[in-house]
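Take a look at the structures below.
Two complexes follow with chain A in common, the first pairing it with chain B and the second with chain C.
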Partner chain A sequence: MYKKNRARYFFLFPGVIWILVFTIFPLIFSLYLSFTNANMRNFTRATWNFVGFDNYASISSDLRIGDTVNATIFLSAGSLVSTLLLGTFMAWLFNHDIPGLRIFRSILTMPLFAAPIALGFMGLILFNETSGSINTIIRGLGGGGVRWMTDPWSARTAVLILDTWQWTPFVFVIILAAMQSIPEELYEAARLDTGSGWIMFRRITFPLIAPAMGTVALLRLVETFKILDIPLSMLGGGPGAATQTYSYYVYLTGLRSFDMGYASSLAYILVIVSIIISSIYFWRVRARFE
Partner chain B sequence: MKRSTCLSLLALLLVLALGVSIVAAQDTFMGKTAEELFPGAADDQERASAMAALLAANLPDATSRFAGQTLTVSVQQAGARGGISGPYYFWREAFQAATGATLEIVEIPQAQYYSTTSADFLTSQNSYDVMNIGAWFLADYVVNGWVQPIDAFFEQEGFPTWERDAVFPSLANLMKWDGQWYGALNDGDAQMLYYRKDILTDPTWQEAFKAETGMDMPVPPTTWQELLAVTRFFNGKDWNADGDPDDGISLHLRTGGQGMFHFMSLSAPFAITPADGDDIGRITKFDNVYWFDPDDLTPLINQPGHVKALEFLKELAATGSTAQFGWELAEAWANFLNGNAIATFSWGDVGSLAEDPSRSVIQGKLGGARIPCSEVWYDREAGAFVEDAENPNCVGNTTGGSWYPIMSAFTDTPELAYYFMAMQASQPINFWNVYYGWTGVDPGATYDVFPPTGTASVEDYVSAGYNADDALEYITGYGDNFFSHPIYQTYLRIPGTETMWTILDTRLGQAMIDELPPQEALDLVAQEWDQVNNDLGRAEQLSVYQAGIGYTPGG
Partner chain C sequence: MATTNKEAALRPSHVTSIGQSRLTRIFIWAAVIAAVIWVLYPFIWAVITSFKTQREALEPTIIPFLQFQPSLENWSAELGLGARETTLALGNSIAIAVGATIVATVLGTLTGYALARFRFGIGNRNIVSWVLSQRFLPPVATLIPFFLVLQRLQMIDTVPGLIVVNATFTLPFAILIMRDFFADFPEEIEEAALVDGANPLQIFVRVALPLATPAITAAAIICFAFAWNEYLFASVMAPKDAKPYTFLVASTSTVRGVHFGYLATRMLIAITLPVVLSLFVQRYIVRGLSLGAVKG
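Let's look at the complex of A and B:
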C-alpha cells in the first residue's frame, strides 16, 4: 500500500513541477513585476524598484489605452456574436441525417488547426487592395473594391472576418454535439402541436443548447481578448492604430519596449476582467441550476 | 652539362614552379574552387567576380586558430539571396574555408529582430556571437553591456583588413559609441530621390508640364515643392502608356512598414536650421537639432516645422495610390520598379534593384539625385517660418538602419567573431556586395562612390550588370547625399529609440489616414516620448542624447 502511494506521487510530480514552473511561477512573478519599475535598463542588473500601484494608476492616463480598448471591444463583440450565430446556424444545418456528415464535420473543423499568425499572412494576400482575390471578386460583381488595409474600419472588419472564419468551427462542433444530445422524442411530441421549425428551435433546441452556448461564449470571449496574431502579421496593428488590440499593446509594451513592470500591470488588468466575466457567468449558471 | 647551365635550368624551373603555383592559387582559395565556395552564385560571371574579390581580400589563413569552432550570427530574415541576409550566406563557404570554423546563420524577421535579440540578452541566453543590427539599437545594447568594442582587434595580426578611414564619416559615427568602434562596415543607409528620367526629360511631357503648371520641368526636382509639382502633374495620367492611370509618388506608409523613415528624411529640411557663422553644422540649442531640445530633452517633434512637414507628406502621398498606406518597402519599391510611379525616395536598394531585369522594367530610365531641400522651413529661434525658393534649406540624412554586425559581450569566440566582421567589411568583399545590388548592401565607403569624393568607376558597376547612365545617376546621387549637403540630420541614438520610433510610426499612420490631424498626432508623439524618457531616467537620457549628437551645454 505504502509503495503504491509513493508511485502515485512519483507520477504526479512531473505535472506538479510543470504547473509550478510554467504557470504558477510566471503568474506570481508577473504580479510582483507589476508593482515594480522593471524595464530594459534595470532588468538584467535586477535593480528595479518597488513602485506600489503606480503602474496601475498610469493606465488611466495612458494615451494609447483608449484606442486599444475600442479595437478590442469591436473585435471581441463582433467575433463573439458572429461566431456564435454562424456556428449555431451551421450546427442546425448539419443536425440532420446527411450522407457523409462525418467527413463534412472534419473538413469544417480544419480552420481551427491553422496558426493565427499564418492566417494573418494569408489575409495579407486575400485582402490586398489592388490584387487580392476578395477585392477582385467585389470588382467582378460591380463593386468598387474595399480599402481593407488602409481604412480603419475596413481593416478591423477584415481581421474580424478572418477570426470568425477560424473560430466558427469551434462553436459549430460544440453546438452540434449539444444538438445531437437532444432526445428526438421531444421534437416528435412538439410536431403534434406545430410544424414550425423556428418555434421548435426557439422552444426546444435553444433552451437545451443554451448551457453549451454559454460555455462556448465564455471561452470565445476570453479568447477574443487575446487577439494579437492576426492584426500583427496582417496589418502591423494598422492602419494607424486601428487594429492595435489590448493584447497587442501589452506585447508592444512588454516585448518591444521591454517595460516589463507596466506591461505586467496591463496584463493583470486583462486577467482581472476575464476573472470577473467568468465569475459572473459561473455565478449565473450556479444560480440557475441550484 | 656545365654547372652554370644546371643553375640556369634550376632557376628556370623554380620560376616556372612559382608561376604555376600562383596560377593554381588564383583558381582556388584554401584548396577550394569557385564552384565550391559560391554555390549560391546566380551565374558564372557572378561567381568569377566573387572569386576575384575573395582573392583580392587576401584573407589570412586562420584554420589553425579557429578549426572546429562555431560562430552564430543573427541577421534579418530575407533568405539566402535576400537583402542583408543574402551576403552572409553567399560568403559562408569562404569564411569556413578561411577559418575552419562553422558559421551558423540565424534569420529573425525584421519586425521582431530587436525584441528577439534583446529578449535573448535579458534572459541571459546569449545565443548569438554576432548580431546584424540597425544603428538605432546600439544605445540600448551598449548601455546594457550586451556588446563589446572591437578596437582592440584593429592592430592585431591574423585578421582581414578593412579601411575604417574610407567609411563615410556620418556612417562611421553610427558604428561608434563614446569614441569606440562597435560595428564593422556593412550597409550604408541614406534616403535619396529616384525619378523617371526618361519621362521627365521627354520634350512632350515637358511642354505639357509647362502648359499646366507654368513652370519648367525640374530635372531633377531639387526641392520637395518641385517634387510635389511633378508628382501632382503626373499622378492619374497614363504616362507609361499601359492604358491605366499611373502614380506620381510611391511610398511605404503601412504601420510597421518603416514609413516613419520617409517622414524623417522629408521633414529634416522643414525643421532643421543651420548654425550662424562659419561652422554651420555646429549643434546649438536651436540649430542642427531635430529630436529633442538638447538642454532639457523637450521633444521637438511637434514643433511647427515638423507639423508642416507632415502636412506636406500627406499632400505628397495624395499624388500616389491610396493602397500605399498599406504598403511595406517591397511593395512601394515594386510599384516604382514596375514603371507605375514617376518618383520615390528611398535607400540605395532601389538604385541597384532597378538594374535587375527580373524585378525592374526601368533599367536605363532611372534618374537619381540627393534628397530634396525645402523652400520653406521653421526657424525655432525666431519662432517663424522662412520662405526662400532661391536658397532652399538642404539637410542630408543617414536615415535607416545601416545594418552592421556587432559583437556580443558574451561570445566565447571573440576572435572568430571579429574575423567574420572584418571579412565582411574588407574592401573587395564589401564593394562586391555593394555593386551586386541583390545583397541589400548599400554604398557606405568612399571606394563605392565616384570621384572626387570616391574612387569607384562606372565600369565597376557596369561589370555587375548596371546600365552606365543608371549607375552614374544612382551612385552620384547617393554620394551627393552623404557629401554635398551643407548640414545633416542627427541620428537618434538613445535608450528607448526603438520604442520612440514605434510610437512615431503609429501616430504618423493615424495622421496619414486622417484619424488624427497632424498637429494632434505629433503632440501625442511628444507626450509619449516624454513618458519614455521619464521612465528610463530623464537625466541619464539627456546626457546620452547630448553626447550622441555632440552638444555641449552652454557651448
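Let's look at the complex of A and C:
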C-alpha cells in the first residue's frame, strides 16, 4: 500500500515540474525559434517572423562551419581517446597494492572541479610560446618551441591537452571502481595458467570493465560537445577560428551577433545528435535502473 | 552499512601483488609519481606565477628567493582593500551557487526519495532516464530561450535569474545521487515507523532525512561546485551587477601584454573553493559524476 500512497506525488512533482518548466519549455521554444528569423540587432527586444526551413537550409552553405566542425570532431575524438587510454591506464596502476590510495585518489580527482574558464587562462600561461613552461621544457629536451598560440593544429592540441587534463580523472575513478568490483577469485584461477599480467588484463580485466568503459565513453562524448570555456578564455577561439568549437559558434551567433533564429537551428542539430547518443546510452544502462 | 561500502570501494586489490617483479614495482611507482606530477603541475605553476611580478612572470624560473623575489603584489591587488570588483563578484558567486544548491538539493532530495520509495504509473525507470537525459542536452540549446524569457521577466543581470539557471543544470545530479542513496538504503526502518502510524511526510522528515545527511551533503557540494564554475550563462545573463567570479576572471584583459602573475592569482581564487570541497565527497564522486550509471 505504501508504495502507492498518494503522498508520493508530493515528493515527485516539485523536481519534475521544475525540469518541465526550465528545460522542456526552453527546448520547445528553441525549436520554434529555429524556424524564425529572430534577431535582436537593436539590443532591445527580439522580433521574429516565421521563415520555415530557411535556417536549416542555410546551414549547409555556411562557410564558417567547416573549421568549427573540424575543431569539434578533433577535440571530441581526441579527448575521447586520450581520456579513455590515460584514465584506464591510471586505474590499472592504482588497482595494484598502493598504500595511501585514498589520498592519491583525492589528489587525482582535483582537476574535475576546476572551473574550465580558469583552465583556459592556465593554458595561456603554460602554453605561452616564448615564456611558457611547456615550451621551456620542450626546448630543454632539445626540441624547437611549438607555436601553440598561432598554429591552428597546435592550438587545437593545446586545448585538447587541457581538456584531457581535466577529464582523465573522471574516466580514472569510474574504471577504477569497475576494476575493484572484479572478484579476486577470477585472477587466482587465471594465475594457475599464466603469469603474464598483460594476458590477465586482456582476458579478465578488460572484458569485465568494458561495459563501464562504454558508459564512460558515451558520457564523455556528450560532454565534449559542450567544450567552449577553455578555447574561449585561452585563445578566444583563435588563431582565426581554429579552436572555435560548435557550441562556441552557436554561442557567438546567438548571443554575440544576436542572430537567434539561425543560432537556434544550429543548436537543434546538436540537440538531435545528443538525443541519438543518449538513446544509445539508455538502451545500454536500462537494466541499472530497474 | 555505509562503512562496509566504503571499505569495499577502497579495498586494495591483490590483482598482481603475487609474482610482481621488482621491475614491475619500480615501473608502477614511477608511473604513479608521474600521474601525480601531471595533475599537480599546473596548480603548482599557477601558485608560483601568482607570486611573481609582471616582468618575472615572463621568465621560466621556479625557485622563490633563489631565482626570483616573491611578491604579494598580485594577491593584495586582487584581495586587498579597494578591490571592490572582486568582493562583489565573489559575493555574487557565493549567492548564486548557494541559492542554486539549496533549490537543487531540496528538490533533488524530494524527487530522489519519490523515485526510490514509491511506484509511479509511468514507470520509475522512465522517469529516471528522463531526468538523466537532461544532462545530455547541450546547454547552448537552452541559452537563447532562457535569455529571452529572463529578459521579458526583467530578470537579466539578477542573482535570482542565475540561481534558476544553475539550479536547473545541477538538479539532475541531485536527483540521481539521492535516488541512488535511498534505493540502496534498507526500507525496514521506515516501514517500522509506518506500522507505528506515522504518515509518509513524517517518515521522510523524521526517519529518512537524518539518515541521508551524508548523501545530501555530497549532492550539495557537487551542485555547488558546478554552479560556481558556470560561465556560459553568466556571461550572457549577468554582465554587470550580478556578475559572478568566473565572468570576472574571463574579463581579465586577454590582449597582448596580459599580466600572467595577476591572471594566475585570479585563476587560483576561481578554482580553490570547489577543488577543496571536492576532497569531502570522494565516496560519491563515482556515482555522482556518472549520474548513478556506475556503482562506486
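The rule is short, and it goes like this: the second predicted complex is superposed on the first by the 257 of 290 C-alpha atoms of A that agree within 3 Å, B and C clash if a C-alpha of one lies under 4 Å from a C-alpha of the other, contacts with A are read in each partner's own complex, and residues count from 1 in each chain.
Going forward, a residue touches a chain if its C-beta (ideal position, glycine included) is under 8 Å from a C-beta of that chain, and two chains touch if they have at least 3 such contacts.
Bear in mind the structure is a predicted one, so any value in this text is a computation, not a measurement.
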- Item | Between chain B and chain C, more extensive residue contact with chain A | C
- Figure out whether A:255 sits in contact with chain B (first) or chain C (second), or with both, or with neither. both
- Scan A:157 for contacts with chain B and chain C and give back first, second, both or neither. neither
- Which superposed partner A:147 touches (first chain B, second chain C, both, neither): first
- Task: Check the residue A:30 against both partner chains and state whether it touches chain B (first), chain C (second), both, or neither.
- Result: second
- Query: Is A:226 contacted by the first partner chain B, the second partner chain C, both or neither?
  - Reply: second
- Answer with first, second, both or neither: which of chain B and chain C does A:237 touch in the superposed model? first
- Name the contact category of A:94: first (chain B only), second (chain C only), both, or neither. second
- Which residues form the common part of the chain A surface touched by chain B and by chain C? 130, 236, 255
- Contacts from chain C onto chain A in the complex sit at residues 8-20, 24, 28, 31-32, 35-36, 38-40, 42-43, 45-46, 49, 57-60, 103, 106-108, 110-115, 117-120, 124-125, 127-149, 151, 164, 167-168, 171-172, 175, 191, 194, 199-201, 204, 225, 228-229, 231-232, 236, 246, 249-250, 252, 254, 258, 260, 263-264, 266-267, 270-271, 274-275, 277-279, 282, 285-286, 289-296
- Message: Looking at the complex, which residues from chain B come into contact with chain A?
- Response: 111, 114-115, 118-119, 121-122, 124, 140, 143-145, 254-257, 321-323, 325-326, 495-496, 498-499, 502, 506-507, 509-513, 515-516, 524, 527-528, 532, 535-537
- Query: What does chain A use to touch chain C in their complex?
  - Reply: 2-5, 7-8, 10-12, 14-16, 18-19, 22-23, 25-27, 29-30, 33, 45-46, 89-90, 93-98, 101-102, 104-119, 121-122, 124-126, 128, 130-133, 136, 165, 169-170, 173-174, 177-181, 184, 187, 191, 195, 197, 200, 205, 212, 215-216, 219, 222, 225-226, 228-229, 232-233, 236, 247, 250-251, 254-255, 260, 263-264, 267-268, 270-271, 274-275, 277-278, 281-282, 285-286, 288-290
- Query: Taking the complex as given, what residues does chain A use to touch chain B?
  - Reply: 37, 39-41, 43-44, 63-64, 129-130, 147-152, 235-242, 244, 252, 255-259, 262
